[in-house]
Each structure stands twice: as structure tokens, then as C-alpha cells.
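Next come two complexes built around chain A: one with chain B, the other with chain C.
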Partner chain A sequence: MAIDRHELWGNLGMDLETHDVLCSVLPQAFGDVYLSQENRPEGMAFWDMVVADVHGIRPQELVDEQAKGRKVFGTFCTYVPDEVVIAADGIVTGLCGGSQFWVPEGEKYLPADMCPLIKASLGARMGKTCPFFRIVDQIVGETTCDGKKKMYEIMAEDVPMYIMNLPNMKRPQDVAAFADEIALFKANVEEVTGNEITVEKLAEAIKVINERRKALARVYETRKNSDVIPISGTDALLMMQIAFFDDPVRCAQMANKLADELEQRLVDGVSVFPAGTKRILLTGTPLAIPNWKLHHIIETSGAAIVCEENCTGTKFFTNLVDESQTTLEGMYQALAERYMKINCACFTPNKTRIDEVLALAKEYKVDGVINTNLKFCTTFKTEAPALEKALEEAGIPVLDIETDYTDNDAEQLRTRIGAFVEMLSE
Partner chain B sequence: MRIGIDIGSTAAKAAALEGDELVCTLVVPTGFNGVDAAMRLADGLRAQGIDPTACDANVVATGYGRISVPYAGKTVTEITCHGRGATYLFGGNGTIIDVGGQDTKVIQLQDGKVKKFVMNDKCAAGTGKFLEVIADRMGVTQEELATLAAAGEPTQISSMCTVFAESEVISLIGKGEPRENIANGVIESVITKVASLAGNLVQGDVFLTGGLCDNDYVLERLSSHLGKPVCTDPNARYAGAIGAALSI
Partner chain C sequence: MDLGERIEQARQENPGVRIDCYVLFESHTDAMQLYELSRAAGLGARISTTPRQARSSCGVALLVSCDEAKAVETIALDSNTPFENIVPLPNQITPHRDVYC
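Up next is the complex of A and B:
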């Protein structure tokens, strides 16, 4: 790491000593998982650079922008419409905690039998060991799962929180209710930023975020090729994880640049895996940075991940917002319609997720599906058998994995995943 | 000569096949060191005139310590190996339940191939480790534990967790509960957990492999929980090693 960021972190009121411990383990983890891969696309250099200085490069940008008067909104969820914040010249940054490092701190406030993403997120804020959690002017939560809802109540005692009410069903009246919720969020964003959101500004922001979606989708599109796998799942995951934190315009540029290279790789027949490598679709709970555990185990066990159906995957970019609306109300409805198409297990019923996984399995020509849930994620765990049954009926082998952020089940996972790959090869 | 080495968490097994005939089986405790267990198996095989380190020997390693066998040419996971070993012993269709030292696996076999499997989490409940810990606490061997259990009255051990179950056993001992009854509760706890893991995966005939396979009481209780007879074979504890030999 070239630049010493201690002054930045000190100014943010971080616990420098504990944070140094985190900084000392990340390069090793990144090196083991990422730099050991062969023939990586050159376009990954951008994300390698960002992750090499993950608590420095982007946080410094955010602080610089704040000095100019811009406001930073932290979010946890793909249901929060970035468009509204962008329209008010605000900045959105993802916040989800993906490391075991933050879990013990979170357990000081939360029950141990809660999902590690929730515990790590609260732990990162309370332990003062993540700059993004220090920088944000306001955190935007949402009523997705019960665990997050209750965690937000605790977090709200420490930092300004705004909670969006996300309906848990998808009837027309629920979509309309979410449109109303977006209108309320617009008022909140105007108040925090001091900037008015006009029809023109929201229309422009919708275009910006749609461009990001299209660029990320272009990268994914290249992974559908049945002969050439131009990028590892591990690399694609990194792009997705950082997409949550990055400026949306730059994110789209970088993803488009990567897509150019990957499309050329398809023409030239450049694959990062040997011919015949088993193709896996990974579905389930989100994989927040730096959670690379399953990708690493799967892709070093003789298989390749060609699609992630989760919040750090297709859920983030699938479906565009209708750009033809000319009134704010029309745009709220268009936004609500797009966001309510995301198939999270916090909805009931959620059969559309099963349909989507089946469709993606076909599109990406996968040999098998690995369905994973973070330990204690009750909603995803409960719908796992229904998903499994549907996949089996479609003749697609499936493996269910429940795991957390620790590494102590790595060998058991290696056995199960290895056996699954052997099963696909027979 | 095809040789399979199965380094489990508790026991290390070897099986040698001449053609398709099982000519030799061996078992040693794994102890603290997988490599050492692999070398002791090699010594044991040599004593029977089979040298696994000779250049013409074909050796495949499996099990938890499969990477610790210096003389193996390749490794295959224990799930695939148990499937192949069970196919050899029982035919290629049905359900295999393997209660190992730290893993319990349920494997659905169809035409000699693994169709579906589940494995316990990293928790020791429902594995041999649970029996080992409790048998140690009661000062008996696992075989004695089963013999005691067969003579005991049903006794509730409500904790799934091995550590909590151990304290539960200690309080039962403190209350003067007969050893037979405690043993009965302990075996029942393991079988209940294994049967729930097997859940709706059970299809066709059911076969038990692994270290508990020669335990009649375990077979009887498992049959009762699953509602169908559970069969086994004297060589079933070598299923993984046999499957490894067949993976050459």
C-alpha cells in the first residue's frame, strides 16, 4: 500500500490499533485467493487497485467530496434506490460487512444466532474499524429481514438512520406502496442534501444507474458462453462487490472496458478454465466484500462459477427502470416496479426466485447449482428445499451449503464441494 | 493390485483388491498424525506382502486426511468413495448411511452413481465423536456402550450438543441413574440425529457403513427410526477404502 492513510482514519475517529490488525490480514487473504489465479483479464487491474487500498482510495474520495458539500448515504440492500440519492447530487456507498473480523464486536450487541452479515455490519460501525461506516452522513436501512430491522434499531442509537418500509408481498398495491415510500425517501434525501430533486435530475439519475446495470450485465453475458469461460467467478464477484461502493459512472466505464476484453476473449477462445470444467450457478445469500470463501473453494475444486444469483450478482443489475416517465410520480412507480422485481427470500411467496434460478441455469448452461445461505438466515434456509425440489425436477443437480464467515469449516466444505464436482463428472 | 487408503478422523483403513477380489483389509487408529497413520498402514500392508509404495502399485487416498498419504497417486472425496465401496458391497442402488468419527454422510445411490448426498455440519452431534466423548466420560468402550444401551431403559438426553450432553450425562451419573439407561439415551440421541439427517433422502434399501456397522444394537435402533431394515456387511467399515481402490 503506497499511501499511509492513518491521518484519514484518525480524522474519522477510527480505532486505529484494531483497524491495523484488519489491514494486516487483508493483503494475505487477497493474494491467496486472487493473485494465485492464472490468466486473469487485464481489466481486473482496476478492481485489484481498489481492493489493495480498500479502506483508503474510495474513503478519501468520499471525504474530499464531503468537503465540497456533498452528502454520503450508506446502504445495505439492493432494494434501496440509488437513483434518488444520485438525483440530489448525493453519493451512495454500500456498507455490508463481509468479514469475520467484525463479528465478535457485533455479538456484543446482537444474539450470537444471527446471520454474520448483520453482526459484522453492526460490529464494523460500533467497533470503529471501517471508514465507510464513519464517513456516512446518513445510513439508509430497509425492512427486509427481521434480523436487519432489529439491528437498525441498535445502530440508530449511534448514527442517523432512515428506514424505508419495504413491503413483504408483491401485489400491485404493494408496488404502489413502495412507490409512495420512494416519494418519502426523496423528501428525506432533499432534506439531508439541501438539494431539490427535479424531474430532469431524477430522469438523469435513472439513466446513470441503468447504464451501470447494462455494463455489469454485459460482463455477465460473456459468462454464458458454453466453450469459453473468459473470467473466473472469483473475479466477477470482486467487480460486483466493489460496484456497491464505487461511483456509478466510473463503475459502468470499468465494467464496459472489462466487457470489451471478455468479448474479445470469446472471439479468441481464451478461457481461464480447462475445457470441460463443470459450470456452477451459485445462488442464495449475498457475499459482501471480502467474503470470497465459497468462490475460492469451488474454483479450486475443479469447477467454475459462471453466474451468481444473489445481491452481489444478478439481483443488482437485472431489469432496467423504465426511462420514458415524465413526472416524478411516474418515475417513483417505475422505480418501484423495477426494485420490487428483485426476488429476495424476505418476500412471500417467493416462487419467482425459483423461476429465475431455473431460467439462469439454462441461460448460463450450468452443470449444477450450489445454493448457499449464511448461517442463521432463516428465510433463505427455509425456502431451500422448495428450490432444491424444483431444480431436481428440472434434472439439475443441486448442493445445499450453510456456512458463515469463519474458515473452520473450509475442509468439510472442500469435501462436500469436491464430492459434488465428482458427482457431476460421473 | 489396487489399493485404497481411507484416513478418517478416528480410524485409518486400507483395502487391497486383486482384480475385483478384496484380498486384504487393515484398520489402525489415526492418532495425531495422518501421515504417520498412512505409514503404519503401509507397514501393515507390507507385512502381508503388499507394498503400496512399490512403483507398480496403484494407490488412491480418501477421507478427511486424504492429502496426508505420501504414496497415493490421487485423492477422491470420501462421498464418492463410499458410494463406490457400497456399490461393491451391496449393489449400486439404495441409500448409504455412513456414521464416521466426525462426519455423518447419507448418500443416495442410483446405478452405482452418487445421485444426492448430505453431510452433517461441523457439529459433532450424530457422529461417532459424540459416542467417543460420552463413552470416555463413562469409562467404557464404544462397543461396551452399545451393549449397556441394549439392556437399558429409555432415558432422555435432550442436548444435541456434545459438550452439553456430556454435562447432562454427568448429572445423570450424579443422580445415580443406572449406566445402562444413560447408555441407552446416548445411543438414542445419535440415532435420532442420524435419522433426521437421512430425512427424505432414504430411498430403496438402506446400508450402514463406517465404524458402527458391526454394532447390532445400533442397526436395530436405526432400522426402527427409519421404519425399514438397515443392512450391513462385515467389510462395511472398509467401504471408503474399497471405493478408493475402485477409483483407480
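Up next is the complex of A and C:
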């Protein structure tokens, strides 16, 4: 008999009956999206394994570590500095909900006209159908968008919650304010874990997370090749999605192993798409696991995604934290400077995101950009026209897509994306 | 019935449909071990989720061509890699189904 995870899930207080329904839909979706691909890199076997038992393998590891006294911190956002938690021998796990399965439960507490990521995240916690949401000792929220801020208030009634105050501007005083916020977070993490964060420990944690960034960036670097596309966007997305959940050292090891293989593919001319396949940069809102819809539709419509400019893409690993600091205060500032370079639509102004998308479009030699936002994500939706105007002025075709986690618009998306790809070929 | 007979039965019950074989395991480490041994032997094994039609609980499986299933079974037996069963199923993969989770 296979390892029965029901004891693990039951001990976490999960709703086993409802959770079984979720478990039953994953194999079909995974097969359709991932096993239908040809010539995938061997290195993807690791991520396939993780997702095949996504609510079993890693949750069991986390529970085992908790039994040794370690604490697990759940996060939703690329602005929360993992380094601080790692420095206290804590564990970070991502929590963002990427499944429609959790949305109706979230809508019991939230307005329907709120983005599906927020609704799914709350639904996963309140419905007791995600082990990661049950395992965490503390959730770390942040003041990014209004929807998440208000959702955190509701979630805080059910689970210990710590909120980081993220400034929404990027002036020097805002960066300094975030450095102060990181210092406060350090005190919180020390209190939760019972472990002191020293200069040495934080310096080591900064190195660990920088190594993860470098490894993920190596994989992305191979996608810049104009002649060979060594990995599908759908596979790269899976690597990124799981990076939020995995141990950072193992994540770096596996990403480096994959990068080795992809670099060899470039030498050998091994591409997963036929020559001439149109190259797409996808930008916009995050794609939390298991949200594979848009990638799959695009890559089964004659195009290849070669870069994701979003939180489950370049935002997660671009820019390293300065490793030369020798004091805690210097490290807080270095961390703040790196994290405040992330160009989220919750900031104003956010022209740096437009500049970054234009630069990435050039670096990754794309034929077109697809700008996507989850329904009811006001900030990304509002800045879409400015982004699209800049792309058009640069001569880069752009398609704007608003979607959610449901399957209802799949045919419509196929029609629009197919027409866009056809237009790129003219 | 032995594996060959079960594959043949699945083919007869699903005429015109490709039959794939799923190797089921007790643990993901066994699955990864057999995956690596099978790949090293030049077989086209892939890591997969466990289809519900094969088992009611989730977990890591190995997806292999039924033409290579016997060879994979032999590797597992020779290497003492534990596995639960090899289940032939009609094609489970439909890339344009557009049903996500």
C-alpha cells in the first residue's frame, strides 16, 4: 500500500473528505499539461515528483522539522525576506492559492469581486484543505495590495499573523523605512523561534538565498537563446512555483542541475519547440501553483513562453543582496535595497516595471508580450494601458488578457491567443 | 493474470486507444530510483501523478510505454526496487481538454 497521508492530514486538522476531491483532480490536470509535452529536460523529474505528491512529501518534511523544534513561517509575497527566517533556523513556505477549488470557500468571507489568488488563499486556510496552511506556526503578511491587507485581517482571527509594513513608494526614506521594518521582523522571528539572529547567521542566510537566486537565474539565462528553447515556459513555471515551497539549498541544487542540462542542450541544439516558434514574454500577476492554465494554452497555441516577468518569475530572483555588510543594520539596509527593487504594481509610481519589461523583451528576444492580470487585481489592471503603450511605442506587439482560475474562458483564450500568435507570424 | 495479459486485455477493452502503463509505488524514493534506473537503461519512463483510475490515493507513479513495461518490471525486480503494481490504462492525457485544478 502507498504511504497513506490521511494520518498526516488528519493530525493537521484538515477536512479529509473535501481534500480528497482536490487530490482527485490533480492527476488529470498534471497529465494534460505536463505529460503531454515532448522532450522535456530530465531534470524536471524532480519537480514532477514534488507535484505528484505535493500535499505529502514536503508537508511531511515540515512536520518532521517541527517535531525537532523548528518553526515554519508561511508567506504570500516576494517582498518578505526569507533570509531573516533562515537566519533563525526557521523554515519558509509559500502559501499563495492557485486553484479554483479554494475560491468558493474564500468567497464565504470575502467579496466575490476580489482577485482569485486572495480568495483561494483564504479559502485554503479556512476550508482546511491545504496542509501548508495548517502546518505554519505563523503567517507573515505584508501591506502590498488592499485586498490582501483586508484578507489578512480575517485570516488573523484563525492563525497567528505578523504583518510587515511595506512602503508603497521607493524614495530613499521608504527604503530606510523598510530596513527598519526588517529589523522589527527580525525581533518577531527571534521571538517565535527562540533563536537569536546574529551577524554571522544573517550573513550566511543572505548567501543561501542569493545562491538560490543565482541558480534560478541560470535556468532563465538559457531561455534567452534565440535559436534553441531548451525548456518550455510551462516547465520553468513549475520550477518557480515549487521554489516558494522547497528548502532553499535543495532548490538551488536542483535548479543548478537543471541549468547544467539546459546549457548542454544549447550546445547540442536540443529545443523543445520547432524552429521559428514565436517567443513570448508573459508579464503581470503571479501564477501560484497549480495555476498552469495560461502557460498551457499559450504553449499549445503555437508559441513558447521564454520569460515570466512576475512574482513566480524574474521578480523572485532578480538582484542579489549585497553580501559585504558586517553589521545587522547594514544587512537590513542591504536587504531593503534588494527587495525594494521588485517592481510590483502596488507601488507608485511604477515606471520601473515598464522599463524592466522593455529590457527583458530585448534580452529574451521576444516576438510579443502577453500582459495578464487576475480578475479584480486593480493595481495591475490600472497600469496595463501605460505598459501596453510603452511596448507598442517600442514596436513590440502586446496582448492584454484578464482571466481567473476557472476553466470557463479557456476556449475564448485559445481563440485570442491563437490569433495573436498568427499575427506575430505575419 | 500476468502483466502481458493485463495489457492485452486493456487493449481489447479499449480498441483504437493507446494503452499506457503506470507503475505504482509505496514511496516516492522508490519511484525516483526506478525512474533513474529505467532512464539509464534507455527506456522512456516519466515521473507522473498516480491516476485515480489506477489507485484511489495520490502519490508518485512512473508512466511507461506498455511496450517497455516488461523491461521496467525486470529492472525493478533485478534491483530490488519495491513497487506495488503496474496498471495498464487507456490514454489519460488530453492536452486540449482545458480542465485545470
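Quick note on the criterion: the second predicted complex is superposed on the first by the 424 of 426 C-alpha atoms of A that agree within 3 Å, B and C clash if a C-alpha of one lies under 4 Å from a C-alpha of the other, contacts with A are read in each partner's own complex, and residues count from 1 in each chain.
Note that contacts are C-beta pairs under 8 Å (C-beta built on N, C-alpha and C of every residue); 3 or more make two chains touch, one makes a residue touch a chain.
In this text, all values refer to a predicted model and were calculated from it rather than measured experimentally.
Trainee: Judging by the criteria at the top, classify the pair chain B and chain C on chain A as clash or fit.
Mentor: They fit side by side.
Trainee: Just to be sure I read the superposition right, which of the two partners does A:3 touch: chain B = first, chain C = second, or both, or neither?
Mentor: So A:3 only meets chain C here.
Trainee: Tell me which partner A:322 touches in the superposition: chain B (first), chain C (second), both or neither.
Mentor: A:322 contacts neither chain B nor chain C.
Trainee: Now for A:52: first (chain B), second (chain C), both, or neither, which partner does it touch?
Mentor: second
Trainee: Considering only the touch criterion stated at the top, classify A:101 as touching first (chain B), second (chain C), both, or neither.
Mentor: A:101 contacts chain C only, not chain B.
Trainee: In the superposed arrangement, does A:407 touch chain B (first), chain C (second), both or neither?
Mentor: Only chain C is touched by A:407; chain B is not.
Trainee: Using the touch criterion from the header, give the chain among chain B and chain C with more contacted residues in chain A.
Mentor: After superposition, C is the partner touching more of chain A.
Trainee: When the two structures are overlaid on chain A, which partner does A:297 contact: first (chain B), second (chain C), both, or neither?
Mentor: In the superposition, A:297 contacts chain C only.
Trainee: Pick one for A:174: touches chain B only (first), chain C only (second), both, or neither.
Mentor: neither
Trainee: Can A:190 be said to touch chain B (first), chain C (second), both, or neither?
Mentor: neither
Trainee: Just to confirm the geometry: in the superposition, how small does the C-alpha gap between chain B and chain C get, in angstrom?
Mentor: 12 Å.
Trainee: Same chain A residues contacting chain B and chain C, which ones?
Mentor: On chain A, the overlap between the chain B and chain C contacts is residues 411.
Trainee: Inside the complex, what are the residues of chain A that reach chain C?
Mentor: On the chain A side, the touching residues are 1-5, 22-33, 35-36, 40, 42, 45, 48-49, 51-53, 55-57, 99-101, 290-293, 296-297, 300, 405, 407, 410-411, 414.
Trainee: Considering the complex alone, what residue numbers of chain B touch chain A?
Mentor: 64, 76-80, 103, 113-119, 121-122
Trainee: Applying the document's contact rule, which stretches of chain A touch chain B when the two form their complex?
Mentor: Chain A residues touching chain B: 392, 397, 400, 402, 408-409, 411-412, 415-416, 418-419, 422-423, 426.
Trainee: In the complex, go through chain C and note every residue touching chain A.
Mentor: Chain C reaches chain A through residues 24-28, 31-32, 35, 39, 46-52, 55, 57-61, 63, 84, 92-101.
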